[in-house]
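Worksheet: one structure, shown below.
Think of it as A, B, C, D and E in the order they're written, each chain with its own count starting at 1.
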Amino acid sequence: MSEPASKTNGDLLRVQELTVQFPSPAGVVRAVDGVSLRLRQGERTCLVGESGCGKTILALALLRLLPPGTRLSGQVLFQGVDVLRLSEKAMRRVRRQGMGMIFEQPSAYLNPLFPAGWQVAEAVRLSRGGSRSAAKRRALRLLDMVRIPEAGKRYHLFPHQFSGGMRQRVMIAMALAKDPRLLVADEPTTALDPTVRLGILSLLRECLDETGAACLCITHDWDAARSLCDTAAVMYAGQMLETGPADRVLRTPRHPYAQALRQAMDGRTPRPIPGQAPALTDLPEGCRFQPRCVYSGGACATVLPPLNGGVRCHNHQ
Amino acid sequence: GQNGVLNVGGPWGPKTLDVHKSGYVYKRLGVIDNLIEVDENIKLVPGLAESWTISPDKKTWTFTLREGVLYHDGTPLTAGSVKSSLERLQRVGSLLKDVPLQSIEAPDDHTLVLTTTEPFAPLAAYMAMGESAPLAPSSFDESDEIIKPVGTGPFVFESWKPKNEVVLARNDAYWGPKAKVAKVVYRAVPDAVTRLAMLRAGDLDIAQILPPDAIDSLEQSGKFTIMRTAIGRCRMMGLNMAKEPFSDIRVRKAVNLAVNRQDLVDYVLEGVGETATTLYPPMVFWANENVQGFPFDPAAAKKLLTEAGWVDENGDGIREKDGAPLHVKLVTYPERAALPPTAEVVQAQLGDVGFDVELIVVQVDAAEAMAKQGKHDMFLVGRGLLFVPDPDYNLMKDYYSTNALAGGWGAYHYKNNKVDALLLEGRAEFDQTKRKVIYDQIQELLMEDSPMAYLNYYVNVDAVAKDVQGYRMHPTESSYHLETVSLPD
Amino acid sequence: MRYGRGHVRGADAGNRTGRPGSAHPQTSLRPGPAPGHGRQNAPAHSGAGPGPDRSARRLPVPAPLRLLRGGLCDRAATAERRSALPQPPVIQVDGVGKTFKAGLLRSHVTTAVRDVSLRIEPGKTLAVVGESGCGKTTLARLVAGLLRPDAGAVMFAGQTITAWPRKQLRRRLQMIFQDADGSLNPNLTAEELLLEPMRLHGSSRVQSRERLPEMLDMVGLTPDLLPRHPHEMSGGQRQRIGLARAMSLEPELVIADEPVASLDRSVQAQILSQLNEFQKRDGVAYLYISHDLATVRALADEVAVMLGGVFVETGPAEDVFRNPAHPYTRLLLDAVDEGIHAGARASGLENQAAANQAAANRGCPLASVCPLASANCTNALPSLVGFEPNRAVRCERVC
Amino acid sequence: MPAKWRRPGLIAGVVLCLCLAVCAIFAPAIAPHSPDKQHLAHRLEGPSAEFPLGADKLGRCVASRLLYGLRPSLGLAVSVTLLVAVVGVVLGVTAAYFRPLDALLMRIADCFFAFPGIVMALLAISILGPGMVSLVIALALPGWPKYARVARSVALGLREQGYVEATRAIGAGPVYVLRRCILPGVLPPVATIATLGIGGKIIQVAALGFLGLGVQPPTPEWGTMLIKGLPMLGTAPHVALSATTAIAMSVLAFTLLGESLRDALDPRSGLTAWSQLQVAA
Amino acid sequence: MLLFILKRIVSLAPVLFGVSVAAFLSLAWCPGDPAEIALRTLTESETPPKAAVAELREQMGLDRPLYVQYWRWLGRTLHGDLGHSYQTGASVVSEVKRALGPSTLLAGTSTLLAMLIVIPLGALSAARSGSLLDRATMAGSLVAISIPDFCIGILLFLIFSVRLDWLPVAGYGSVVNLILPALTLAVASACITTRLMRTCMVQALEEKYVITARSKGMGEWRVAGLHAMKNALPPVLTYLGAQMGYLFGGAVVVESIFLWPGLGRLLVEAVKARDVYVVQGCILAIACIYVLINLMVDIVQAWVDPRIQAGAHHAG
């Protein structure tokens, strides 16, 4: 963490061959399988992909928040330091100022016995220190920023007294409280209505612009992703399938899976991708999308294609 | 023992200030004096009454009071005040309820005359009880309630915490030898371990009634004098004569022979106790020294049982008669610590001669209730013999046929006309030597009939800090003689 | 204005695609019997997206779920019940309201739902869209009979919801919870969770286990998930478990509170087409709550736009989307996709949320930020006025 | 054996409990002496070949008494604890779930708890006489409210969880909700109190012995052995120490069993603290 | 909240009634004649005079039918007159009052001490599970639970009073006297409660909000000591509350070892002496205290966990 920036080549985050596995009764779950990722200072990447493909696990691994018993390998270099090998204390410093996380489905992630506003203020104090009243003031401002109506009055309410969307916004406020260098946002707008979503997205954008922070945004909302992010990555069954500039990847994806995903809700009628994602305990040998792929053929079923030119597909030269 | 204060700790605490309801605490502590006192042999000696005479019809008692005795409030002791004190005792207390007292008169300041409806020799002993001690009128308020006990004793009552503590000061105007310590604090410490610890820590100068196991280590420390005082209490087993097997005198005798009394003293009481031969311990004037008691003779016991028809037919170690095993219920209570282990050893000892003893250890009230209903075969109790320091009191209750048939703590369903007659005779006999003969006879008869098995006598263990002198426990526990105790300067 | 709009819509009506079973009674958002319009409001083609009509093209999705064929319920009886005339609406809600008091002294009063009425006919879908925190979940819980309303009444299949025997009600009315994470019993495995509803309603372990593959298929889950507990699943997997649970009983009404929010587009698509399939086949009615207008478009017959605890606009989905009447509806539609990139209108909404609560107690929830607002708007809540066949709006300025 | 049962703590707990059971069943075969036989000459002797754990104040073999005492002491303590815990949990959880019942049940609990144990014991002894039944009553009646209150307090929090509402929404009745949603959360704390409570119960039995309610002498019983042995701690420590060890071992056995069972059944703890402890220990 | 408290106070009445009836009957059913027992304890003689017994019976109204006795007693109770102890002659109210002070002091202090032991120790063992501290705590609690509380007391005073001579052995009056008995009771009730705390903490530490707290960069101390702790506390407080209620009447042995003039001793002595009015007074006092403590626990719990109050909204 204290490494000079020069050594990191301007890379804020560099994930190398990260693998996360869970032992489970049905076999080992390979939730993240050799994922590499690079994020420069201030870069915003979105991570899209099939539900259950390992996005959240990847994000949790970055902050080392996975439950005990998880098998982790690979490297997560944050500001040049391998987060996975940091001491607990140094890791705390990273979490306090370096990385912030917005959790998906945040109801369980808020402590039910503390006022929501208080929990935001706590995040403020942990990252910046300062007096309680200053923290409270900032927490109130943050709640206002994330458009919690009557933030002042709601400061003292408990999470169960908030609506689903409000809880998500409290979560966002909490992550923003510490002005992180890297913001990991796991589905930050799923529970928000269009108008609020718009507001939150512009808020995120403003914040990131202002602080120059980088962002890893996991989302199913491609429009939001496109508006917020510079680069995009598509994940499938624990692996990266495609990476590249957000605009390109999200508008004209090259990987067949990304293409299919792109079209799924485009029209009036939903168009699901036929077939099912493979079980993570029992992954196919070759390309993981092959069973559902309309272009499948040749080596697809037997040889795992490498991530070549930002696309993991045999049919893509 | 700091600043001339003597700290005494015993297991029981003062529950009330009202001497007429319960006087033993203040008697023991020397707050009150009685008309008649009891000496160490349980003989009656003059106290506040210099002398007393009994009329020829044996119904009128005339006490001559000592002159120059002052109550703690400075007023002189007069026959009038004794009379009013006794009258209040009649009203509120229970001591005189069974005494056929007819009148109390005070013809002059130093003469007190008590009349009874019938000759009642034990009356003098009643006058030695704490409850009957004279109290100054200033002890009571207008509504006849106690304010504090104002007696004539060597110590003046100063203050108390109910059930916890009594504080006394020396009575400098005492008529007899004055106390040596200026102040006494008596504390009730129910737990023996605490008492011991307080003694060791110097919080107590005298710790009373300690468990025998503690003696060794106390003696080893060299800082304490251990006092062993035999007191007028006896551990004994009443046998239920209302039914089999103890309706048969041979079985009763067998029990008496099968019990190894020395083992009980050695192993249960750690040697602190005396084996019993008769009801009264030998230091008591009333004890019949000629009664030899039963030896430990299991062979004789077995023989008696066989004679009585109890034979072990099936070889299981338990005797049977007509197919019914020799099964007996031994009831006792845990409030007196030595009783349950005593019962256990007795159980084993009786087992050796072919009894099958079932032990029932229940809280004292329940035990008594069982005994009253005759649900027991043996009732193991610790019995105080000298609350009223006269044999009549206990013997009447425990062995006089109508009382014994009604149940109670003595010989259950015991009836011996000779004993009954002797008891009545003893009650009406005023000559001490003649009475002694009567009660000796009774003890011999009891030995013959064996309605009870007397096991052992109590010995109190008190520990006194080495530098404290002159402490003596009275065998009736009626006085601690604190007035003779001295502390180092 | 009202008239003009109505005219436009009237002209439009003929273009709508008919739907099988269009003779079904109308879904209406107002209390009382439905108006006599027999036309069905299926989503029409719009310029955006080349996708063919869903009725025209079979989707390559797993075979529709036939969970209850195996005897869990008497299908014949159900069908009979459903075809009997006159058929009561599945759910009819009259003027329900709910107020929460919070804070140490219970001084923070939130009127989560105010005077909401709705009815859903069998086989129809009513979508509720609206601002986050406007009371949708609360409304859903009220309708599901999980929350006691302060005012108004909820009738399920013609009978007060509280009068229903528990088992029967829950067999026929199911709810999918917004909070997928919290609404799954953490002590159970996915398998137990999936079996739970069927087991509760009396089918045997073996019988219900047979259906597991079907259920997994329907929501696109793999069997390796079965032995896992909720905390060992991804957000989307949990949500799908919740969905499969609700659908497994083949209820008549499903109250779905953001059932697909945390799913990726392709799974969303799969699930929505499944839901449509069910509706077509079994005549399930949905109360569908979502923020995602694209999914609403795909599923809803009628839409209710909610703001500050009240319905501000109701009407056939197609009409409302094409021709929003209420200023808030317009804001909402503007905010979708294109708006993101333009950053448009975001600032216009700045204070909207803050204002909503204050106004909610007296006037129009939107009063303080509405470009059309007049003094009157802040003082009194306008009433829901019908202005076109089946449409109604709660705004004095537009109708 | 599935992995979740393969826990050192669980195995140790099962083994220990089995040992206890074997000792209880085969006490006559294992014990070197008759538990009641007094060898007065050997009184308070320390451990020796003849008396593996020494002899007590009346010269009885401590080891034999411990073995024979297993049945009354542990049997009673375990069964009473179970009874009390089950009744307490059922009532506590019911009170928490059915709000209107709450006040009533908790007031009843107050009533029972306000009643000091000895009064209850005296009552039992007077009505039923001394014996096992009254002993159980004297222990159980004042015992359940504690469990009820703890169970209720946990359940009150749990019943507000989202999944409780969700389970009701699929048509589950109260009994089902209580069993599947609330009970699993209530059990761990209750199991903790209960397993440790066994030791306390053994001592309580001894204390009640003072009122004549306990196991009647000479039947050996651990709590009484311990209490009797305490004053002799300086001179003959083996009596009290053996009893303490016996009690602690059985509490340990049940604690290991109870807590590792809980861990094995708790879905969220892959390898919780307690099982780690057992790995370490 | 206020209404909640008020309701609870009203609900106190039936409890007291139930307790009083039960207390009354229990004594009536106990073996032995109260009058006889009274005289016996007072005079230290096993066989008090029959005439005196009969007189006392009449005085105490024991010759009347039970319900008459009860109603008379209840009537007086409602006027604040709980009768007089026939052991000491003092009024029951004054006896109970006198014992209540020391009891409250002892129970309060030891509960406080227990909390001071339990909360950090339980939390730490959970947070640092497997550590030396954890193992020591777990082992300690097992041993402590197999030793009766009075025995812990004896050990304590042998060490601190006799060996080291730092504290007086026993007595009542100054703060130094309070230390040992309070510590004894605290240790005794702490051993189960610490384990309970640990269990609840382990449960709480598995929740997701703990992950959030960690993601904020919070130290494990604060995570455990605040976020998990608050969720773990309700059952622990409940148990401690019950334990505290128990201390008012159940600390007899410790009270008598340390010569603490508390309610427990008063009660037990009264029970033994069959001092009916005092027993009834004690039971009433203990019932009141227990109900009050539970009231406080309930309020604290509702305050700690705001969801509990929200429960009123549920339908069905």
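Annotations
Heads up, the rule we're going with is that a contact is a pair of C-beta atoms (placed from the backbone, for glycine too) under 8 Å apart; a residue touches a chain by one contact, two chains touch by 3 or more.
For reference, the UniProt names are A, C = ABC transporter ATP-binding protein; D, E = ABC transporter permease.
Computed from a prediction, not measured in an experiment: that's the story for all the values here.
Contacts with subunit B and subunit E are shared by D.
In this assembly, B is the chain whose CA centroid lies farthest from the centroid of subunit C. Chain centres here are Cα averages; for subunit B and subunit D they lie 43 Å apart. Distance between subunit C and subunit E, defined via averaged C-alpha coordinates, is recorded as 55 Å. Computed centre separation for the pair subunit A/subunit E is 53 angstrom, with centres defined by C-alpha atoms. Distance between subunit B and subunit C, defined via averaged C-alpha coordinates, is recorded as 91 Å.
Counting partner chains per residue, subunit C has residues 100, 104, 146, 166, 179, 181-182, 231 touching two or more of them.
Shown for subunit B are the residues that touch two or more other chains, namely 193, 363, 366. Of all residues in subunit A, those touching 2 or more other chains are 25, 107-108, 158, 160-161, listed in ascending order.
The part of subunit D that touches subunit C in the complex is made up of residues 161-163, 165-173, 176, 180-181, 184-185, 266-268. Taken together, the subunit B residues at the contact with subunit D in this complex read 192-193, 211, 213-214, 216-217, 263, 266-268, 333-334, 340-341, 343-345, 347-348, 359-363, 366-367.
For subunit C in complex with subunit A, the touching residues are 43, 45-46, 48-54, 57, 59-61, 100, 102-104, 108, 110, 129-138, 178-182, 217, 220-228, 232-238, 240, 258, 261-270, 272-273, 291, 293-295, 297-298, 331-333, 335-337, 339-341, 343, 345-346, 349-350, 352-358.
Of all residues in subunit D, those touching subunit B in their complex are 36-38, 40, 43, 57-59, 122, 125-126, 130, 209-213, 216-218, 231-232, 234-235. Contact residues of subunit E toward subunit B in the complex are 30-32, 37, 39, 41-53, 55-56, 87-90, 95, 98, 154, 157-158, 161-162, 165, 168-172, 256-259, 261, 269, 274.
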